[in-house]
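Next up: the structures, one after another.
Across the two complexes that follow, subunit A remains constant while its partner is subunit B and subsequently subunit C.
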Partner chain A sequence: MSTLTSLARALAAGRGFAQPVCTVRHVHIHERPLVFVPLALAGEAVAPLAAMAGDDPESPRLLVVAEPRDRDQRFAFAAELASVILPYIERHTSAEETVAGGRGRDDRVRFAGAPQVLVPNPDGIAFTRLLGRSTRFRRTEGEYAVPPSVPLLGRWLTFLAECAEHPGSCLLLAATDALALHWATGQSPVEDRSLGTIAGWIDPPPGRTGAQAAADAEDPVRCPPAGPATDPGFDNEVLEPRIAAVRAARAAGDERAWRRARSALAGALASQLQPTWELMWRAVALLRRLPPGGHVAARWDRDKDAFTAHVAHIRDGGPPQPRRDTAVAAARRLTWLEWVQASYAAQRALDDPLVMAEYRMSGEAFAGQVVAAESARVDSSGRKRVLRPHITVKTEDAVTVEPGASVTSPARPKQKAHVVSVAPAGGSTLVTVELSGGMGRGLTPPPGSVPGIGETVCYAALSDAYRPPPPFPEPENTPWTHGGPPPQYVPTDEDASEAWS
Partner chain B sequence: MSEGAATDTTARPASGETADPGRLADRAAGAVLADLGSGRHRGVVVDSPPGAGKSALVVRAATELADAGERVMVVAQTNEQVDDLTDRLAADRPALPLARLSAQDYVPSRRVARHHQVTVSAQAHDVAGYPVVLSTAAKWATVGGDRVWPWAIVDEAYQMRSDLLLRVAGLFGRALFVGDPGQLDPFSTVQTGRWLGLTWDPMQSAVAVLLRHNPDLPVHQLPVSWRLPEPAAAVVSEAFYPFTGFRAGSTPQQRRLELTTRAFGGSPFDEAVETAAASGWALYELPGRHTVRTDAEAVTACAALAARILQRGAVSYSGPAVDAAPVTAGRIAIGTAHRDQAKAVRAVLEAEGLGGVTADTANRLQGREFDVVIVLHPLSGRRDATAFHLEAGRLCVLTSRHRHACLVVARAGIPELLDAHPSTEPVHLNVPVKFPDGWAANQAVMARLQQWKVRAP
Partner chain C sequence: MHSIETRLGRIRGKLPPRHHTARTIAALTSNPGCARRAVMDAAGVDKQRLAAHAGFPAPFGQSRFALARGNAFEAQVKANGAAELLTLLREHLRLPIPEAHYDDLGEVGGNASRELRYARTRSLLARAHACGDDAGTMFDHPLLRLDVGGRAAYLEPDLLAFRLREKFHVVEIKSFPVIDGQADGEKVAAAAIQSAVYVLALRAMLAEMGIGPDAVADETILVCPENFSNRPAAASLDVRKQLTVLRRQLSRLERIENLLELLPPDLTFDLEPGEDGTPTRPPGDLAAAIRRVEARYAPECLSTCEMCFFCRDEAHAATARLGRDTLDDLGGVEHIAQVLSLARGADVTAAPEMAEAAGLLAAAARLRGECLGEAV
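== the complex of A and B ==
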């Protein structure tokens, strides 16, 4: 935890209300997101018990598994969930948009929108991933066949869960993560993973402080846990007798009693889900109140690209996502994740002065007034004379950036800059920065393209510039140090079984 | 050479064994080269404790292979390391043409530029014919085409991430991997459990992945540390190399640190410096307190100890053949866990006019050597012991950079903190257990340091 976040948390605890740690919203919020609140049976890895899902706050769809240990009912649940999620996803493939290629590349077409699924917490993402894993390899014919929508749902859930690993992707979001990104509460980061308490800190009901509202939300009767794990008291006192009643009615062959027991079970589960469902939409409303950051749209565009690519993969008859990454795929993915993470961190800082303040605290960024500027400085040491203005910034920040480092300014993110010298001057520091790019083609910079004397500027040793992925061997050339080439993937009946099943 | 003979040299020297360390080390290096030359293995791994002549082994292997008419690519992790190896190789074999493959913007350092036999180039096809080509792993990874070197020597292989080895491994047929398993593991900024348990986990070190896929490769140990003095070798070997162990190459009589002036009065700083000079270790213990990371008292104490060593005119003796050498500012380092701590120490040093003293993090000190090292203990003043602060490699790097003495600065209460925070890292299927465990290593070091404790007022 950084010093600033610690301070914000201490302030939140002292004042009794969550403190904003961002000035803008760093996540994209869909105009009609699909909220998915799953509940799982305690003691099983991924045994769905119930779920509330839908994109209309007024009419959630309630799915209930009367006998969660029954595999057939489990996949019937998956088929029912597919009938909610797949049409929602399908809806985003109706409109397309054209993206200009630029730099000699062809224009390309992608879908104009992408689905967004919201779950209450990181455990909800883990549940989504596991449900995807347990359904995407299911066979649609032969023994234990499932409806074709089940493996398709599994592939989409897997896609969403994999995207959720990419920092900055908003296709699948956990509400608690999104809230904790923007507000510091007076509770611990572990407690922040409880949707009821974090929402209480941020948006308490009238007359209550955030701390009081969070304490209220700790009562599982007033505010049931946001899942997938259920409250053990509910399990013992409510759930178990009702499941037993359904089972008994079924064994007795009593149709009416069975229907009555089922609806009692559904009612009990709905009472557990409804408060979380409402909290989810409150979280959406809270996030919508913040203005979006400058790079949010660009990151959502990347999500649209990923979505378009996956639709194409499925339409072209591509195989489901493999259970494990091969050596080459894992290395490629790690490189990509590292870049996405660095670029996401840079973009958030460039979009938001409060996030930038963290970097100024650690010395990776500095802000101050321009005290000297050679805006028309020309470098003629190379083959061509080029415009390379120098500006000197006087800053009170504790600068750790070293000469030679590349820096970026939030005000002029397209302009390249690197530090020429860092010199202490009394209590402050003078940093001279050389600028290149973003100043037209001539040898005189257009007005405004170079910061003038007296202007307050900020530079950070952060960059969200695209780094092309380095070369990797083809999978068939996997070297001996990494086990040699992997065997060709051939779909088999064993695909759906786990090493431990 | 039989397997039995190979394991013979790796055995821990029995206590009381008086075998000449030089002979022991020679025998181990000979066994490595014999395995290499036998042609029976695609790879040979050499585990080397701190200062055990790793670079010398790399130079020797490279020249032997070049003498046998083979082309060798040498892979190191940083430009600094490549330049060091280039310099050593060139000095060792002035007639051997060497090529230093580099990035476009690389400016040859003085120690590379002064050798006329070294060709510096950014293009692999310019240098493919040279008997020995040296470069960083990152640069090698960009060399495409069907060029294949029959031999590679990978230095600091435990600090290389396996995804980088994946990109480089297509370039060579056989390889010698040399590294120190006790030091800091490579890391990633990304935190994901996605690849846990996979044999090719890209976040693991190159050697870990190599050995999981090729468990039959011979693994040798270098048995003698030429850097660490005897008291240091005993502690570091027990805490961080509990199964293989190693011994010091020098005796306490050969390796001495003397103070040429006497203290006026007697401050705890003097007491700590004298303890370190006499025994090779000192624990300068500040009163127990929870502090911010840049604990001003601890930072000042680190700088004050460095100043005191210089003021007391410390002189080091490294053996009968070597003259006494004054310990200058450049021969002292202060090691920390975090960058902001190193920065705070540097600020104090500069204010005291001690800019020549190195202050840096464990990651940056890795691979370097000093006469005296002052360590700001990673757990000093902390309320919790996280995996980062407990990492065995971090403490191992910090406590194994010195030739003469190591002074540890810490708040009281670290053993209690350790007791309150047993390692709680989850256990995962198919993930080999890593020894030594950071918690145990920290306990072992603290237990040994107690006997050299000096309490600050």
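== the complex of A and C ==
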């Protein structure tokens, strides 16, 4: 949150419609994403009740569990879900692309695409993680055997949920998060976690304001919650009697009544899922309308790398993800997450002037007109004469960047720049910046490589440059302070027989 | 004291009072500045019915499935004299309990009045304390009392106070799962603050008999289902921090007398039930009465208070409705309209203390206008 986003919220509340907080799209949207809308039984750890899933808006697959507390039916659900999700994932392993190595490294090959799963909200991501946890250790032979697709589904769901923790990764996205990243609504961030209301603010039906559409969406009868939690009123008035009817027909051994009861239950659950299913595709369409930001493709490439690596791990017979990270893995992961977070923030600002404006508010960036330029300035103090132009920018922004700081311009991201001086001038500030690089090899810069007088420029103390992680010990050398070397994972009977009831 | 009871009775109207629970006290401390909630809870008003009749039914109910699961788990843990719980405490917490007595304090000779049950809980716990040896007794359905906003609130914990190593321990049974040693942070936080309410009430009860606070452990025991099963697992929760928060918030809660003084003497939230019990009071009249008591709405209320939709509607022009962070980001300016006029630089009459916020908002508006090519 920041003043600009909050101002956009106030504007949205005042105008009755959501207001943009980005000028470009910062998430990758797959040409054919897989939408997954799960419902869970209230009160249980992870008891799937129903789901709608698929990559075709016109024909969702409806999955229903008639007896959500029955272990066998849960695994049957997992197997059925696997039959939707696994072929979708598999489809992305058919084409490969070669990435040039550069800097003396070999070229490498990765899959040309990656899957993208969309769930309605952050709770949907949490459900995906738990469903993955409850299925990935299952065994396919012996006692409590499950179909081979079940543990494989568990591993993929776990992979997707882990990726969702990485800022900027788009393999698994929550629709509410993706929308809230691009629009400010006239409601609070807590309320933005409801897909119906956030979509209402952004894209109300004709004749309604966003505020009215959001209010409409709060009626659980008109707009059922987007799950995984169901509406308690639906649970008590509709779901319970229908589950009871299925149970009664089964107990009575009445085949016809059982089939009738089952289809009534499926119908009731579909009525809860269908509106969310449609909202999901509306969210996809809304996001597609925005032009993608400059770094979106590069981040999707990183997702393709992660996907390729996980396919290789599974094909090589690697073990499922552990229940808890080991010390070394956790430390590596944390360092990586920190870097990804910083790099993602910098990329978003460099791609989008409205995001950059947040940094201009805080003084970490400034923008203005070039009022003086020594484009041919040469620094001869060193052994070799080098081209080091100076430009002076007049800005209205409250600059907090100090002399000596490295800054980057979104217009010339490859050019290095550092602040030489900051001087107040009336109500404005004059900032002089020294440039290096991005100007060819000679001592005269090619036209356009140095900003000219009158040009509007922006500089920010942000960088998405790669920071190599500090060295970590190999897992077998984990120091005793961190529990010593972890035991190797060996699947046990306990994993396979773990209760799921 | 008598006149306060009478006034609260008038405010409540003809419906029987609803009592505070650890959950409502925990919720109260999350928004201690809300006079509306303080008065309604002190009077024992049925907020759910009130909100519904005023045209703003609360957005939450409880699913029967969740209720059934919670009850089944609690019953399972407590079955056969809490046999399962005892095994758990022995194994997981390495407690040397050879055997334990199990006392159900739910009823006193068929009479379940609150005063009687409270007195019985008190005398039994005092005896256990005086006894000194680790008798290892579990008390089911004790009744505690806590002073909330100058008025006694009875608490009916479904927990067991347990005496061991010279200390009473509060045990809280919850049906959310602990998966691979981790549970939902929000749910654990809620359980911790509820446990802290019980610790505080237990200490208050013992203090009446001159027994010091050390007699109740700071560590409470949380019992939850493990992984995806029904098998219970126990974990210790250190609630010292929650106790500090709770004590501070409870002392900050304005005393109910002071709040009542500001209200018109004839104020009532009575629904005027007709012969068949259906409310006959005009909703607009009820809403006007509710508005006489000041509320402090924040989006967090949406998950804790039955009045939330009413208060949100009332606060539609307030910046706080957009969230506390938003309010802070906007320089604490209370009304959305004023935020917008300051941003436009149109509010020349703004008070001097607004100068900083005005500068901030004008700068934000300038940047937004520059990027989007539109005026704010």
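Here, the second predicted complex is superposed on the first by the 493 of 501 C-alpha atoms of A that agree within 3 Å, B and C clash if a C-alpha of one lies under 4 Å from a C-alpha of the other, contacts with A are read in each partner's own complex, and residues count from 1 in each chain.
In the analysis below, contacts are C-beta pairs under 8 Å (C-beta built on N, C-alpha and C of every residue); 3 or more make two chains touch, one makes a residue touch a chain.
Here the structure is a predicted model, which means the values were calculated and not measured.
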Touched partner set for A:324, first subunit B, second subunit C, both or neither: both
Partner chain in contact with A:473 - subunit B first, subunit C second, else both or neither: first
Touch count on subunit A, higher of subunit B and subunit C: C
First, second, both or neither for A:423, with subunit B first and subunit C second: neither
First, second, both or neither for A:482, with subunit B first and subunit C second: first
Touching partner for A:187 - first (subunit B), second (subunit C), both, neither: second
Set intersection of subunit A contacts, subunit C complex versus subunit B complex: 324, 398
Residues of subunit C defined as touching subunit A within the complex: 59-70, 175-177, 179-181, 225, 227-231, 299-300, 302-303, 319, 321-323, 325-326, 329-331, 336-337, 339-340, 343, 360-361, 363-368, 370-372, 376
Sites on subunit B touched by subunit A in the complex: 42-43, 141-142, 144, 162-163, 165-167, 169-170, 188-190, 192, 194-195, 198-203, 206, 209-210, 213-214, 339-340, 343
Residue ranges of subunit A touching subunit B (in the complex, touch as defined): 165, 324-328, 330-331, 333-335, 337-338, 341-342, 362-363, 398, 400, 470-473, 477-484
Contacting residues of subunit A [partner subunit C, same complex]: 1-11, 13-14, 20, 23, 41-46, 130, 133-134, 186-191, 218, 230, 232-233, 235-236, 239-240, 323-324, 353-354, 357, 360-361, 396, 398, 498-501
